[in-house]
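Have a look at these structures, which come just after this line.
You will see chain A twice below: alongside chain B first, and alongside chain C after that.
After this line comes the complex of A and B, so read on.
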């Protein structure tokens, strides 16, 4: 007689958006794994058609309440490419500062509130706070500082209002930035403590050979600019993204899956960036990574939490650097005149590369838009991880498999609302 | 005394409004001390069964499945609170209400047959009784805390129904419409953001939705006459994050047809 086990989570918790997991085990072998996304489709590419190019940053921000800055950054860079505009250094630096705020906020949310509870066996950070109050409070304080950056420079934490094509609407004063700089120094200490604390967690023994993809910039750890590189020799201008990366639509998901060169799965996000761009991290971030014994060429996705922690140290460091060197730009923005053409934007969202492509008409109206969020790029890799990981823990009871699979999914901090286009886990054991 | 139970529900949305709860960094643990967070999947794996004293509902109804689910949420909820523009008026995805839905599906998905969606994105109130609405795209964290505090006292809060203009004047901002010729929705938009955009030298774009009895046509006519805004410009002006609210919808249709 065939023995079938189905392990599933109908509604994945501690991820942003609506997804489920489905694992089917037949006669002790993993038969099928699906990361289902049932987030209702919201059709952003379609509703951008006929809108003005200046509206793209505000509209696309609404794809995701957790990483709106990423959407705004990819959108404005694509539009500026069409307009033929490049920003003076102070404006460019302020955009990096805004991204630092989002990385700190989003990474800390994920480390403390979404992922750490898995490692320590708690249902949530709130449950965890009963035994680890100082840890959770440190997380909240660190997260708050990230939010304070976005709040000051963006106007508010969620769906910032101060970003525009060409720069910003208004530049805060030097005094306001300086006050933030003081908070950031405390936050940087907390970020280092976070990395040390995260390194004491127990990591499942699980490694795979991944194709990592990230932006790379000769002088900087990547936020807004760079070429697309991989650990297998890719070196591509972002405008050529679609010549190598393709989205395919699968039945069990309202998110489109992305593949590289026809069928290869790949890995984007903090671990990819850490592995590929380690040299560009700040001295303190590298020193902290060395201290905790976390080094590039890491193939254990559960250690993404360490990559997030190191990137949080970096983002605090970088934000302090930008604030200390702050010189007010000559104007809050560079005027941009639209013209007919195609523009590409690819920036490093907290979860990985976020690609936008727009075609504009001469009058500045959007003719068509394409948006590829990080989660849909990681989705195929997540499913493959689950397939291998379940095989490794197959003798465990269903409840334990389910929780550990959830933890494996959360390695990628999937942002399902982001998967613009649609996640649900079930385990089916035969 | 038993703590009141809280559930947080998501429909079509960006997660930003429920993230506002986790963004209450200074208050989160106190909230968790006063309320039993019984069902909040974004924050916890633990799901306690209903009924719930307070349900916060984010997002709009865009699928047949969600149309059924909201009925179940209502049955399980003593107080049902709509949080954010999606829940209150359909949100940005309600732009599809103005277009042919098949065109939208084809624009995003290569295999449209896998997608099930309703032709319109609709507000929660179009389906079930809503006990209170918390405005904004996203909601304001301060107002969210006042709401939770009020509910704990057994009452509902009373937020300002003034326009953004009123708080803008109180802040002493210089009017971006009069002095810079920007098309500002401040006169017809409910306050709640403390005139955030004009404080950053940009025009209000209506995150908090129409105020009570807004004079949208006078505003549109002003922008047409004094700023030479075209009909398509005026259509887009009213057609953003609260596009399907009755007041903004009728104004945008007036210009689309003209």
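After this line comes the complex of A and C, so read on.
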């Protein structure tokens, strides 16, 4: 008689959006794994049709409360490409500063509130906080600084309103930036402490050979600009994204899965960036990584939490550099005149590359739009991780398998709301 | 200092009620030392904000009851249920923020929630009539609470 085990979580907590996981084990073998995303499709691309090109950053920012800056940045870069405008310093630097704020906010939320409880065996961050108050208070203080950056430069902490095609509506004063700089120095110390603390966590022994994809820039750790590279030789202009990357529909998900060159799964986000762009990290970020024994070519997705911690050090460091070198721009934005054409934007959201493509009519109205968020690019890789990881822990009780599978999914900090434009766990063991 | 927080999303119909209560209070002559603050739903940010005061009143939309019905909770007296509140990000919303502040001794000694049961949370700007009708009663509860607090400390 065949023995079947079904392990499932009908609703996965500590991720953004609604989804579930299903694992079917038959006769001691993993038979099926599905990351089911059932959050309703949100049709943002259709919603953009017929809207003015200037509205794209504000509309797309509404896709996500955690990474609205990423949506704004990909949108404005695509529009500016069509308009033939490129931003010079210091506007370009201020965009990097805003992205630093979002990375600090998002990474700190995920490290402390969403992922750390998995490693420490707590049901939630609240249960963890009862035993680790000083640690959680550090996370709160760090996130407050990220919020302060987005609040000052973005106009408010969530869904910022100060970004426009061509730059910003208003530039804060040098004095306001200087005050932020003092807070950031304290935050940078906390970020280093966060990395040291995260390195003391116990990581499951699990490694795979991944195809990592990230933006790469010769002088900068990637935020807004660069070419698409991989650890397997890819070197692609972002305008050519759709020549190698494709979205496909799978029956169990309202989010599209992305594949590379037809059927290859790939990995985007902090671990991909850390592995591919290590050389561009700041000296302090590299020193901290070395100090905690975390080095590039890491193939353990559970160590993504370390990559987030190192990127948080970098984001604080980079924000301080930008503020110390800040010179007010002659104008808060560069005027942009629309014309008929196609524009591409690809920037590094906290969870990985976020691709936008817009077609504009001559009058500046959006004819069509395409948005590929990082979570849909990681989905197939998450499912493959689960298949391999469950096989490795198959003799463990269902409850432990469920716990560790949820932890494995959170390695990617999935944002289901973005990807549907995700999670209940179901294990079927027979 | 007393901080009155209005939580909500003005683009989700009745979810705007916390913000509307705050707007109604803004037009009133409130006691000195009372600060009104919109909060857009960042749970971690709310924990930090609660630590700034000894007296907090949090206005928010609530699910699961008769639309327009007012519900008040004294956070010092009871644990909050997780499900009924609206504002959250990555599943970390009002209830999680209050309970996290409690376990880390960051909860203000006086912390109250003024909630209004909602009818619709769909996208849009139309606030239902029962929820609109609940705003004067919510404001009255808060002003009376502030008066009593001034009297009795």
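Operating definition for what follows: the second predicted complex is superposed on the first by the 425 of 430 C-alpha atoms of A that agree within 3 Å, B and C clash if a C-alpha of one lies under 4 Å from a C-alpha of the other, contacts with A are read in each partner's own complex, and residues count from 1 in each chain.
To be clear about the criterion, contacts are C-beta pairs under 8 Å (C-beta built on N, C-alpha and C of every residue); 3 or more make two chains touch, one makes a residue touch a chain.
Computed from a predicted model, the values in this text were never measured in an experiment.
In the three-chain model built by superposing on chain A, chain B clashes with chain C.
Judged by the touch definition given at the top, the superposed model places A:256 against chain B, while chain C stays out of reach. By the document's definition of touching, both partners, chain B and chain C, reach A:125. Within the superposed three-chain model, A:406 lies in touch with chain B and out of touch with chain C [touch as defined at top]. With both structures placed on the common chain, the touch criterion links A:109 to chain B and to chain C.
By the touch criterion stated above, A:144 is placed in contact with chain B and with chain C alike. Contact with chain B, but none with chain C, is seen for A:155 once the two complexes are overlaid on the shared chain.
When the two complexes are overlaid on their common chain A, residue A:136 makes contact with chain B and with chain C alike. On chain A, the patch touched by chain B and the patch touched by chain C overlap at residues 13-16, 62, 65-66, 109, 113, 124-126, 129, 133, 136-137, 140-141, 143-144, 147, 156-159. Within the complex, the chain A residues that touch chain C are 13-16, 62, 65-66, 108-110, 113-114, 124-126, 129-130, 133, 136-137, 139-141, 143-144, 147, 156-159. Remark: chain C residues 11, 40-45, 47-48, 89-92, 96, 99-100, 103-106 touch chain A in the complex. Within the complex formed with chain B, the residues of chain A that make contact are 11-18, 39-47, 49, 51-52, 55, 58-59, 62-66, 68, 109, 113, 117, 123-127, 129, 133, 136-137, 140-141, 143-144, 147, 155-159, 161-162, 164, 169-170, 247-251, 254, 256, 332, 368, 403, 406, 417, 420-421.
Note for the complex: chain B touches chain A at residues 10-20, 22-23, 25-26, 28-29, 32, 37, 41-47, 59, 62-63, 66, 91-93, 95-96, 99, 103-105, 107-111, 114-115, 117, 137-138, 141, 193, 196-197, 199-202, 205, 207, 236, 240-241.
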